[in-house]
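See the structures that follow.
Common to both upcoming complexes is chain A, partnered first by chain B, then by chain C.
Now for the complex of A and B:
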């Protein structure tokens, strides 16, 4: 059934884990075949779409240039309990696919998957082959036996093909490392700047202070003050944290060869930010705000019946679009850059046509540089847009009635 | 089949957003030309409305993904 060069072993024979995994033959053309009739993720025709999705996804490896730095894995499976280990246990290759299994977990394309079979041995198991079966499901071959793999649980309620599976992944992933890094950078930079204001408020800004002060003042004067009026000081810490955290993560993901982490292009991350915005807006909403939502004053009763459900829906649509906007903009930017780089592999036919690869690399580099310049702009604009929209929702929630008398 | 219909829907949503953004951009340029001193206000309002239009297009695109 498979062009498998281990057939001399015969089924059921004990390999005691000493046989080496197949060497992935890149660029041979045709589909790379693993044991048990599995298809490898790599080799064969280059798939730019799959490559792009692989690179924008979160991973249990932090890749800096050619090095894949292992990260701590924290996984929980109901009935089996917690597992703590480093992802180096998986002995992954450059694509993040491991050849070892550990306690029933394997690494497939950078993300942890669990072997969905109770008979699979615990502990370190060498010589597993990970690929996908003929239906495209992720699966693993070990000692000529096929094991299905399941992905980690996601909280998307099945909307994006995820859902609750057999295990939960609480690992310190690439995105978490990026968040911690940006958090620490922000903490030290802002503390240094703040202490300089404290020691001598009248000195002209210099260095980092000179870079941050105009941005800070811009958000304060152009965003916070016009929408929030006299209450603006109360919300400045929240708005500034939002803006600079999003901006920092946007820029962090832009640095080439530094993992290219896609934190603000992760729907879970943007959804958490939007939930914070939702909570802050609705906790601070005053009487007039709720009156406008549930019983719009100044319109006939039959209009109110139509308006109330729309306004109530609007309460939830606002944070949802906040999350989606940031997610889609940043993800699209990352994907476009990856697709541009993919042109080299498409025209070079995965390394078999060097002339195509060399020829296409020059326009590709130029296009990528142009795109990254635009993305630099988008990093600022999206951080600004998220902040200004949150502020405008907040402003609508806290404004006094007399602020728009005569508006209706 | 579902995927190709979703792709058409995605394209239509992007056309709508494109028309909206073009109209904002054009009107904002006109406004700035008439009143260069109000450039700051016009710019931030332009970005705000552009973001809202984008939101409508994004909802369409995400639903297109869900259908596909």
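Now for the complex of A and C:
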């Protein structure tokens, strides 16, 4: 069965969780053969790119060290209704590929897929084999019959290869768990800090308060006040939430052996924050701001005809760049670290050349440590950049005529 | 290719993660924003105002202190001047009193000396008179005895002797 396919997955310490031995048992360089002519996902030569894609993706399992902790699955298929169950139902292996199907859902590489065949039985079905067909599409073999698998619906409208499919996945995934964990940590930390300000208003800050106050004051004094002036206090909760939520999740994703979840490197997450930023900016936009967008004062009419579409487009380009910038930076950081770790497997030829693996491990560890130091910096920089750009858009939306004239 | 771009899942925003991100971020914003970030920002602003107020108060107190110091210095200088004046006056008074006393004493002493001198002169004159009288009488008695013996007492001679005695006294 599909147990010989462990030549994959350089376990970046950042994205670990599969600390099983990398059994070397691949055939003539080909993919491992499953039933129905399917190929196993993890056969053949080591593919660092695929490894990276797998590790940065969201999953219905939370991998902590060698343990794959099952998570609650909440799926909805139009016409069939809601299903609630734990992902342990799938009996997944270290790569998150299950051998059981449940109500027509299977687990393929950590994420839920649906059997695209109404004849497939509901309830728990054991002994399914998941792989891909000769064209690279995900498929499943059960009792020597080939079933196509469909991925969950995504909101990219086919732009990035996704789109609306037969079901929606609202599961508490690894990324959701990470968000909740960061939310809870931040909640208790900041409540404790806030209560210290309340109980000891006239004392010098100490402990946690002393650690967080400079960061808080930095965002307040270097970001909020210069752009928003006297209105800054009104927007502090939103801006601080953006900053500390992004920062917390950036850092959470870098803790080794804690799943290495890539929340801030997921377009869904960054898009939601960008949409919130878009809404907050435009709801607070004053007359002056809209005038500048749609009928720029002080320029000839024919220039206005050109400027208005550009400005209107700019309204949407701003949040799109916000979302893409954070997404690309964090995803790139995670991928680079995984690929550095992959060098061990590339030079060791997946374990067949131990000297290559041992020899490359030293520079690899050094490179990875260097990258992680950079990523620590990036975690702060990207949270800061997202916040300062949102604040600058907000500042442009709320500034009054007078301030604007002064700025020219 | 096993993993095409189709497997680059992070760029495909799935509805579940969109939904949960909205939920968790709203929780974050409403709960932490309202119950932590806002009070912290307000406490920081209050502290800033307090510090500014305290600094301003210190500046004012400093200025006041400087004023007080100047006033003190002025008072001190005045007092010092006063002291010098008083001391000078006292010295003058005492000098004058001493001089007056000295003069008086000198005058008194002069008077006493004068009186004494007068007295001495008087006493001397009186004594001289007495001595003259005594000497005259003694000379008369001597002469009387001599003349009694010689002349048996002639009044013309008595007169003549008296005349002689007067001449002596006048000399």
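Keep this in mind: the second predicted complex is superposed on the first by the 376 of 408 C-alpha atoms of A that agree within 3 Å, B and C clash if a C-alpha of one lies under 4 Å from a C-alpha of the other, contacts with A are read in each partner's own complex, and residues count from 1 in each chain.
The rule is short, and it goes like this: a contact is a pair of C-beta atoms (placed from the backbone, for glycine too) under 8 Å apart; a residue touches a chain by one contact, two chains touch by 3 or more.
Predicted model only: the values in this text are computed from it and were never measured.
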Contacts of A:222 with chain B and chain C, given as first, second, both or neither: first
Which of chain B and chain C A:321 touches, first, second, both or neither: first
Which superposed partner A:346 touches (first chain B, second chain C, both, neither): neither
Touching partner for A:381 - first (chain B), second (chain C), both, neither: first
Contacts of A:392 with chain B and chain C, given as first, second, both or neither: first
Touching partner for A:173 - first (chain B), second (chain C), both, neither: second
Of chain C and chain B, partner touching more chain A residues: C
First, second, both or neither for A:367, with chain B first and chain C second: neither
Which of chain B and chain C A:132 touches, first, second, both or neither: second
Doubly contacted residues of chain A, that is, touched by chain B and again by chain C: 160
Chain B residues within the chain A interface of the complex: 40, 44, 47-48, 51-52, 54-55, 58-59, 61-62, 65-66
Residues of chain A that touch chain B when the two form their complex: 159-160, 222-223, 320-321, 324-325, 328-329, 381, 384-385, 388-389, 392
Chain A contact footprint on chain C (complex, rising order): 1-22, 24-25, 27-29, 31-47, 50
Residues on chain A engaged by chain C in the complex (per definition of touch): 31, 39, 41, 44, 47, 49-50, 53-54, 56-58, 74, 111, 132, 136, 152-156, 160-162, 168-173, 175-176, 179-180, 183, 186-187, 190-191, 193-194, 197-198, 201-202, 213, 216-217, 220, 233, 236-238, 240-241, 244-245, 262, 265-269, 271-273, 276, 327, 331
